[in-house]
Each structure stands twice: as structure tokens, then as C-alpha cells.
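Worksheet for the structure shown next.
Per-chain numbering from 1; labels A, B, C and D assigned in written order.
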Amino acid sequence: MSRFVVGVMGPGEAAGQEDMELAYELGGLIAREGWVLLTGGWRSGVMDAASRGAKGAGGLVVGVLPTPDSEGMSDAVDIPILTGMREARNLINVLSSRVLFFVGMSAGTASELALALKTGRPVILVRPSEDVLIAFSRIAGGRIESADGPEGAMRIARELLEAGRANPPGKSG
Amino acid sequence: MSRFVVGVMGPGEAAGQEDMELAYELGGLIAREGWVLLTGGWRSGVMDAASRGAKGAGGLVVGVLPTPDSEGMSDAVDIPILTGMREARNLINVLSSRVLFFVGMSAGTASELALALKTGRPVILVRPSEDVLIAFSRIAGGRIESADGPEGAMRIARELLEAGRANPPGKSG
Amino acid sequence: MSRFVVGVMGPGEAAGQEDMELAYELGGLIAREGWVLLTGGWRSGVMDAASRGAKGAGGLVVGVLPTPDSEGMSDAVDIPILTGMREARNLINVLSSRVLFFVGMSAGTASELALALKTGRPVILVRPSEDVLIAFSRIAGGRIESADGPEGAMRIARELLEAGRANPPGKSG
Amino acid sequence: MSRFVVGVMGPGEAAGQEDMELAYELGGLIAREGWVLLTGGWRSGVMDAASRGAKGAGGLVVGVLPTPDSEGMSDAVDIPILTGMREARNLINVLSSRVLFFVGMSAGTASELALALKTGRPVILVRPSEDVLIAFSRIAGGRIESADGPEGAMRIARELLEAGRANPPGKSG
């Protein structure tokens, strides 16, 4: 029986202070739930904050890096997955996560959100801007799930899981 | 001296009639300009329409497919690039195109637009919806180029080229 | 401080009985050493045997799958990394492993051995056939490390680690 | 009807003088046959020599690069495919080629030969060393095709094509 892996996606260098606080808290909640956290692995922004939050709560952290080595990797990553494939690794982040939380927005993050919609992975936007929520809901062909904060986001994730909508690993899209 | 390759990105099955007409016309203009057309290669929607447009005007068409074979490939593709990498091929579409035109919108298309912004490739949206333009301009950190139709889009592409902003192959990203 | 991840590569369906016994034993030794095991993730052959060996010894197992879902995944995988990239995932196996053990040989395994040589990752062949050892030593430009069995292979891996040749994550290839 | 694309794989910097002469001649024969040449795109070794040979004979050359830009690309490449995926691009070379010629040997080349065997693409080794031929024939589970020179290699390729064994694009592995 494999572990339940969930992703937290968000900006690196461009992340705001609020995004990082939300990500840190969310990382902690994920760890306390017994889930494994997966991020893009960088030592900056939302990726680093979520990883430190999970680590601080005793969780396990997987970092899927775009690079062939771990230069610039968050110190809180337990399992480095080195892809050497630049942003092509974004597909791996999306496919490997049974639920994807999005905190903040950037071009890289938007590509992961779009790929999650494309491949049918469940997504939850944490405190999104209204224009991002509108545009991506239109792209998704229906209202995307969103939450005011980490607690609400976790509640939605648990509901998706109970409703069987957090893709069981062998039945995904 | 390598050929000038430009991409036309857009929905497959989900494309509307207007998108396909715009894409067909744009493909023809690209071919008549002497440029090579690159698309995602499918025999549907914007990809197929642009490819047929370019082919009809005597152009050369490269199709970069997500599959390991050419099942489902547009008949108008001259050079099939078979990746077997699913949507990870979207990064290749973006990196290989010196200018990217977007006609219509879908989750897959949005991932390519986001990757183009991430990697600094010049993008031109053809007749975009207002909410997509607003959301992605915010993500890009500045107004994205857009045009009312194929002629206008080509004019912008030529200006980018003259201004040296259509990445010369050895100086990109 | 991230965990020390090592790979065991080898045939799936085509694996022989001896290869699977060697892989099972090696997986156990890796787990008892406190290292994380990484494999290609399938529920067959060397990948499955090494994973079950590590799991049986209380270890942590990462499976990097070529598929977009976990259909066919070894039951002993703790952390599924779903790539959807077919054999392009072989590069990830290689880059993410600080030492690579090879047990048995097949076309897929040979591609991983070749990529490990290409990217400079340390490799150890466990009980290789003489012609494979000769051909790949010539390709490597020097004798490749090999061992008669799992115990000997672990000894070489520890020596590489002590000699600083098991790439520290931030200084690789 | 798409063009018939064939690959010539071989070492870059490490190529010997003889390999480059063979590759140059082979590139010319491929172009005169009306086939499109695909290589790994570098301005060195077998890739560059084959590309220049094809170009000199009026052919069309596709270069599939591991980099996100065309720094270091052979001047004889007409269509640059920029992947940014390092050696993961080797899978693309293999899948996109309906026949693969191998001239010389290196770690990168060996990974492409192994992937071709794995994915069932037809391969022809041009003047291989005996130990490489033996090892890879064993890995392939049967004698691999080989030729003494470019003319012989082309003859085998034509026979494969006539026998229907050069994968039709929509029926591959």
C-alpha cells in the first residue's frame, strides 16, 4: 500500500510573504494528516515554505527538481527526484500528486494548474485572485475548488478523498 | 542557417469553428512568409486546421506528438516528431518555436501559454477572450500581445522579429 | 539533509530467477544500511524483487514509473513517482540515484547503464555476463565496477561513498 | 503523407575520423534517397558530419537538441527541435526515426541503441566493433543488423522498408 502523496505548487522567487505563510501552514497540516508532501523542490518561495512546514511537523517531503543535481534544493527535502528536464518535470509533479494545492500564482505555477486540469487531477486553489479563478474555471469548463486558507483547503481535500475523487493511483486519467 | 520555426497552439477536439478558420488562415500566412509551422500534431482542431492551411500554401509542417507513434496525426504533417512523453512534449513545442501564436483556449493550450511566459518565448494571442487575456497578462507581469485576426498577428510577429525579440536560436531562454 | 537514495536497475518480465534473488537480497541490505531504494517501480522482475527486499527490511521505496498512473506498480513501492514519459523516465532513475546497482540485463536496463555512464553516476554491476562487462567497460573508457553478489556490491558502494565519489546531491554531473 | 525520417546516431566530441567520414557519406546517401535526416543536432562528431553530408546533397536535416536553445547546434540543421530535456531527448530521436543507423559508439549512443531495441525500432550498426555487436545482440535476443559501410547500410534499410519492417508511423511499438 503506497503512501498518499499530495502536491503544493506555487511560485519560487516571486512568492509573496502571505503565500509563504499559507504554504508553511499547509505543509504542516499535510504532514499531520499522514500524507507525503511533493513540491518542485526549490529552496525558495512556496516550495520551500511548504517543505519546511511539513518537515517541522515530522512529515516526509519529496522534491521533484527540474535540474540534474540538487544545487538550490530546499534543505527540507527528504527525497530529491532529479529530472534534468526543466519544466517538463511539471507534468511529473501533477501526475504524482493525488490532490494538488495551489498557493500563489506565476507562469510556472499556471502551467502546473493547466496540466492538472488537462490530466484530470483534483485541484484546490488557496486564496486565489479573482481573475485567475475566473479564467481557469472557464478553461476547466466548470468552477474550480478554492478555499480561504489551509484549513479549508484540507477539508476539501478530505472530502475529495472520501468521495473517491482523489485518483487512486491505479485508476487515474 | 536554420529555418525560422513558429508555433500555432490551440485546442484539439474542443476547438470551435471560428478558431479553426482563424488557424487555417494563419497557417497559410505562415507558409507564405517562408516560415516553418510547428504544432502539437493532432488530426483535430486548431492543430489540424493550421497544418492544413500551411500545407495548402506550400509550407513545411512539423508535428510534435505526445505519443510514441503517429496514430491520430494530422495528414498535413510533413515531419512527425514522436515523443512518447504526453504533455511533457508541450515544453518542446514552446522551446522550439521562435514565436508562438495562440488560437482558442483549453487546458493543454493554457499549459503551453504558461510555459512560453515562463521560458521567455514571445507569444501572440489571436482574438483571445477578455478573461484569459487579463489573467495571463497578470501572470506575465505585463500586457500580453494580442491581435484581432491572423493578419494582425503576423504583423506583430514580423515586428518582434525586426526588433530582435523573436529569440535567435542560440540566444534563447 | 536529504536521504541517501540508491537505484537498483534490472529487467522486468525478462528477469531470471537468480537475478530476482540477488535483487531481493540487495534491496534488504540497502534498507538495513538506512538508504532509500529507487527502482523503475514495476510489479515484476528485478524492480519488484528489490522493492520487496527493501520493504521486508523496513526500508523506504521510491518507484519512478513510465506511466501516468500506478497500474502495474509493485505493491512494495511507498512513494510512486508517476511520469507518463515512458522510457524518458530512465534518465530520472539515473540522475536521482547516488549509486546505481545493475542486476541482470535487458534493453531498458542497458539504456539506464549507458545513461549512468553518460552522466557520470557511479555504477556497480552485480554478477554481470562477461560480454556486457567488456562492451560497457569499453564504452565507459575504463573497467566498470562489478561484484559477485549483493554483499560485495554494498562494500563497493560504501567505498565509493567514503571516497566522495557517490555524487553529493549538489555537485553532480 | 509525411516524409520518411531516419536517424543517424553516434558520438559527438569523442567521434573518430573514420566515424565522421562514414557519417558524412551516409548523410549524403540518405538525402539522395529522398529521406529526411534526424540527428541529435550537435556541431560535432557523427551528428555534425551526417548533417553536413545530407545538407551537401540537398537534403532536409532535423536536429533534436538536449538544450533549450541552439547554442552549439550544427550549422547544417534546418529544423531545430529544442527540448531542454538533456538525454531524455534520446527517446525522441529513437521514436521519431523509422530506421536508425549507428556510426561509432559512446555512452550516449549506447543509450539510444538500447532504447531502439526496447521500443522495437529497426537498427543498423555501421562497421561496429565486435564486442559491441556481441553484447547488444545478446541484449536484443538476436543478431543485430550490421553493415560494412554506408552503401551496405542503405541496402539493408531499403530491404527493411520493402519488408514493411520500417515502422509505418501509425503502427509503431
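The rule is short, and it goes like this: a residue touches a chain if its C-beta (ideal position, glycine included) is under 8 Å from a C-beta of that chain, and two chains touch if they have at least 3 such contacts.
Given the structure is predicted, the values throughout are model-derived calculations rather than measurements.
**Q** Report which interface contains more C-beta contacts, comparing A-C against B-C.
**A** Result of the comparison of A-C and B-C: A-C.
**Q** On a CA-centroid basis, which chain has its centre farthest from chain D's?
**A** Taking each chain's C-alpha mean as its centre, the farthest from chain D is A.
**Q** So how far apart, in whole Å, are chain A and chain C when each is placed at the average of its C-alpha atoms?
**A** 28
**Q** With chain centres defined as C-alpha means, what is the inter-centre distance between chain B and chain C in Å?
**A** 40
**Q** Where does chain B touch two or more other chains at once, residue-wise?
**A** Chain B, residues with two or more chain partners: 68, 84-88, 91, 119.
**Q** List the residues on chain A that touch chain D in their complex, please.
**A** 68, 84-88
**Q** Of all residues in chain C, which touch chain D in the complex?
**A** 85-88, 90-91, 105-108, 110-111, 113-115, 117-119, 129, 131-132, 134-136, 138-140
**Q** If you look only at chain A, which of its residues touch chain C in the complex?
**A** Residues 1-3, 5, 36, 60, 62-64, 68-73, 75, 77-85, 88, 91-92, 95-96, 119, 167, 169-173 of chain A touch chain C in their complex.
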